[in-house]
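Here you go, one structure.
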Amino acid sequence: MILILKQTANQEQIQALIAKLEARQLTVHYSRGEQSTLLGLVGDTASIDIDNLRADDAIEDVKRISEPYKLANRRFHPLDSQIKVGERTIGEGFFQVIAGPCSVESAEQLTCVAHSVKASGATFLRGGAFKPRTSPYSFQGLEEEGIRLLLEAKRQTGLPIVTEIMSDSQLKDFDEVDIIQVGARNMQNFRLLKALGYIKKPILLKRGLANTIEEFLMSAEYIMAGGNENVILCERGIRTFETSIRNNLDISAIPLLKRYSHLPVVIDPSHAAGITWMVQPLSRAAIAAGADGLIIEVHNDPKHALCDGAQSLNPQEFSKVMEDIKRRANFEGRQFDLK
Amino acid sequence: MILILKQTANQEQIQALIAKLEARQLTVHYSRGEQSTLLGLVGDTASIDIDNLRADDAIEDVKRISEPYKLANRRFHPLDSQIKVGERTIGEGFFQVIAGPCSVESAEQLTCVAHSVKASGATFLRGGAFKPRTSPYSFQGLEEEGIRLLLEAKRQTGLPIVTEIMSDSQLKDFDEVDIIQVGARNMQNFRLLKALGYIKKPILLKRGLANTIEEFLMSAEYIMAGGNENVILCERGIRTFETSIRNNLDISAIPLLKRYSHLPVVIDPSHAAGITWMVQPLSRAAIAAGADGLIIEVHNDPKHALCDGAQSLNPQEFSKVMEDIKRRANFEGRQFDLK
Amino acid sequence: MILILKQTANQEQIQALIAKLEARQLTVHYSRGEQSTLLGLVGDTASIDIDNLRADDAIEDVKRISEPYKLANRRFHPLDSQIKVGERTIGEGFFQVIAGPCSVESAEQLTCVAHSVKASGATFLRGGAFKPRTSPYSFQGLEEEGIRLLLEAKRQTGLPIVTEIMSDSQLKDFDEVDIIQVGARNMQNFRLLKALGYIKKPILLKRGLANTIEEFLMSAEYIMAGGNENVILCERGIRTFETSIRNNLDISAIPLLKRYSHLPVVIDPSHAAGITWMVQPLSRAAIAAGADGLIIEVHNDPKHALCDGAQSLNPQEFSKVMEDIKRRANFEGRQFDLK
Amino acid sequence: MILILKQTANQEQIQALIAKLEARQLTVHYSRGEQSTLLGLVGDTASIDIDNLRADDAIEDVKRISEPYKLANRRFHPLDSQIKVGERTIGEGFFQVIAGPCSVESAEQLTCVAHSVKASGATFLRGGAFKPRTSPYSFQGLEEEGIRLLLEAKRQTGLPIVTEIMSDSQLKDFDEVDIIQVGARNMQNFRLLKALGYIKKPILLKRGLANTIEEFLMSAEYIMAGGNENVILCERGIRTFETSIRNNLDISAIPLLKRYSHLPVVIDPSHAAGITWMVQPLSRAAIAAGADGLIIEVHNDPKHALCDGAQSLNPQEFSKVMEDIKRRANFEGRQFDLK
């Protein structure tokens, strides 16, 4: 970390500042230039509050050199992480497809979708039991009953399940869930992230609609700092000025996350654009850019779906998309983890 | 709500669609044009899922005419709401200033700040006990002890207190708090919003960093739908492409929220830009544009603050800003609610 | 186009409005609902000014159904356009790679790069003669001399050249240029677009940093409306809230532009992120998502480049990227147009 | 400027880099830390291309300390600039209101509006002769005839005129115009900016829809670097994710521009939101935040305006808004420059 001092800073202020920094176990390198005086800080700067420093009368600006995250950082963990879920592996060398309905609506619907996505080659079943809806008047999910139905579908198909948690107060309901999803709107629900750090279950962490790559990795860091290193990152589209689609898939996020972190990266092409016909081209781009997997919405009857029908494929469409996905994952040398 | 049908939609599809809509108690107006066929829907369209409709084979697009929020909507509640907190009134005709430190750090700090902001004319005391921090390595607040100290400061100064909740699991700790704040990152923590709907306490709801005015009002609607109509809206800066300041205060939000809703609007000029010297010009703009109050960070010793020092005024600076605020609130004909 | 009338609109106002619309040769379909009255307009609505309509006392809102562009619209031109440049074809079935330095710096530099990119398989040579630089103190290009050097490099290598125009006042200097580029900052320089409509030369139109897909196609429409249908669309990254890279490549733009328009789409992975190591993953994503070509910066000595060194590949790096590009274009069934 | 070197940089690379920098007349301060090596550069760093430096193998990152603009920079010009237009003064202590129609449509329309805005207290007349329209099918302005009508209205009312230029090729038509406006879409039309640097006429430079404050000041610098220091900055709303209004007025731009630059700042509340009823609250906020003037659209018959009718006030509305503006400019101690 580099502190750029004000030209008006006097020796007394500078000495006081250096003393304050050294008291925090930091080594301070002093460098007086003609135009500016700099202090280079060496040590555990991740815990320093930059805003706090900026309030110091002697400091003009603060520039961070190293990233504020450690456990999620590839610098300290050069090899790709692999996350195990039962017999499946997410990350390095493998390619996984998580598929299923936006929300669990009934035993019939879920069983139907689960069997069909399995037949097409999906390796995980997704489905929402607790649904974060913008409107209080929209369908809010079957809640605990939804999780029961997911577990029943898992028993029938053998597919591990992925479902979303909305609050730390719900954790007890997720005991048998294979992968717990944190939705985009909860990416900075720090209370929830902390609670997920104390369990060992894999977490699928979705990027917030307008959160930077650094903030995304800091949220992963929250979970990892508690002791749970099983974090899967999921890019699902960001909010921009564009109005013709719901969100813009940030394809750059894949190479960026891969460079800065060792965690697996999964892409959600269904939520990204919010339109059925965009699922295939966005899936293709994601595979080519290096994603470790996809999470795709499939509904047996999209036009009667209780949520997000416009972005859900039906089983026939999904089956075709899956053929294409397999051919492309194969071209990229990724192993399709089918048992 | 208007449904624009596809040019390829045949009579069978259209009849099936109309039947489905009428089954939901909606009146359907059919209008066949040369270029397009339209269905106008009358009835309780707020509960309709637009994405669901868009998945219908016969539908090209869906246009909402009326807003999806009801309780927060000025259409159905033309007069400005006033929210009572003890002897104080927030909203129509009154102007309130909530001041205090970003986070509660100690009894000494809080008492010092509380007495000084009261002396300058602040009418509420703010202070964070549970702190949502981007980094797990930053100071996370004094938690329950922080609330205890706030209550002690209230006893000493008589200032009602405002403090932030982070999860529905914490609700029991907020029994004696006067106004519960929901932070920007939790604006769509729907589990929390629902829980706050079941109590009667005033809620200061901050707008998310990248949430639209409609989404903001839908979050207010969540709380109100549960039965708690005491919602105060707070704009605190939005995320844009600009890099020279932390966020851009959305000054348009004031007239927009006032037009679409009857709820009081408070502005946070401290978080908006994240810079001390911007607090005054942004406060001036907010008052002129019609805000009902301000929430300002004040710290007895900003350069040693444990968070957000760069945006906190010291008591002397705050005192000067308050003189200016009073003069301007008076110019606007707002009543300063001092006891 | 649908006009949603105000509930307060009286019959006199409505009749006056209908008369005004019919005077513009539009057929008006009147539909009175319980909640709202609608007017559906049929005819040449592309020339209607929506803002103008919105100012009418009787109108609550205006919803466009059809796109405001015609010549660029796939509805009226279902087949993909192919644009011929000498013996090469841009569009449907072909894949082109345009490569070369950000700016032309000297005969030696340009000749060296031109020969090397040709050897690696590039099919067009790019190079800036007139440079749009953010700072007036940065290198502004060799101007006319730069174009002379490009033409010399073309004579030596046979590669057609692509170079940027900055104003309609420069048109005479571009007589021998094969493809004229319009830069992102000039996407809505309407005077320039109009001037380019009166010539027949292919135009590579770059999307503005914060322009929507519709605005992008409207700018193409400007050129086409003048009579020049040889427009190649180029997505080069959009401006968002993200700070770790210069811009975010909008991968969704490829399927969107392909759906709404028949014009070819080329991607610029160099400017998109502004970082050398991102060129390869973004190129891969672009090819997979359906791009018709790439435009890539290559410099013989990036660290001494006079502009954009950080995003330029050197010839060895480019050669490796080209091998990968060829393999992938081949996988997608695209023809590499090499003579 | 500070260069942060890579940990892998060897002495040979570092010495070569230092030699290269010193060859550009820069003084280099070397500082070797444990974690990183820094080079501090002193001298004329404004002309250094940061991207160029970033391509150097030895450099990890580059941090600018001082702003890249000089002539527009308050550091080197501490007092507020005042710009003279005939007998009027724009800047420090004065408050000006520029009013008139979006586009000049006829002699009758313009004369009518000109007389009425003068009567209400406007001090400049605006009107578009050359109109930058998103669609080639929209009204493009009366062009040269429009300028002739503006000059006639000036003769009748004595109001100096402000009108927009779209290309350097049009400069000869603007000889008698008092203030030349550069529109938001041309803020980075560098060819135009350069041409405007060679004349002495005041330039009203509008901020681009998605341009940072630094880019805005760099565009002012382009004009000033040519020798024309008469630049008036105009904020007119920025593009964000919000969909309920056209653009978001960036109120923070006023204090930011005032701090970093000495140039006057004028606000355009009409284009900012694009809605008539927002003109008043946004004008109020702008005056309170320190603007030096306003530019407001007024049309004698907004519902028949050929462009931007939805945001134009009629003369009666403008007259009321002006009363409010005068009262507020007076409250702020600004002098209303009425002759």
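First chain written, first letter: the chains are A, B, C and D, and each begins at residue 1.
One rule holds for everything that comes next: contacts are C-beta pairs under 8 Å (C-beta built on N, C-alpha and C of every residue); 3 or more make two chains touch, one makes a residue touch a chain.
Everything numeric here is computed off the predicted structure, so don't read it as measured data.
J.: If I rank B-D and B-C by number of C-beta contact pairs, which comes first?
T.: B-D
J.: Going by the average position of its CA atoms, which chain sits the greatest distance from chain C?
T.: B
J.: Between chain C and chain D, what distance separates the C-alpha centroids? Give it in angstrom.
T.: The answer is 26 Å.
J.: For chain B and chain C, let me know how many angstrom lie between their CA-based centres, rounded off.
T.: 40
J.: Using Cα averages as centroids, what's the distance between chain B and chain D in whole Å?
T.: Once rounded, the distance between the two centres reads 32 Å.
J.: I need the residues of chain A touching at least two other chains; which ones are they?
T.: In chain A, residues 210, 239-241, 243 touch at least two other chains, as defined above.
J.: So in the complex, the part of chain A that touches chain B is made up of which residues?
T.: Against chain B, chain A makes touches at 46-47, 49, 51-57, 68-69, 130, 132-139, 166-170, 185-186, 188-194, 209-210, 215, 218, 221-222, 225-226, 239, 274, 276, 302-312.
J.: For the complex, which residues does chain D have touching chain B?
T.: 210, 212-214, 238, 240-245, 248-252, 254-256, 259, 272-273, 277-278, 281-282, 284-290, 328, 331
J.: Which residues of chain A touch chain D in their complex?
T.: Residue positions touching the partner: 2, 4, 27, 29, 31, 33-36, 38, 40, 42, 60-61, 63, 65-66, 210, 239-241, 243.
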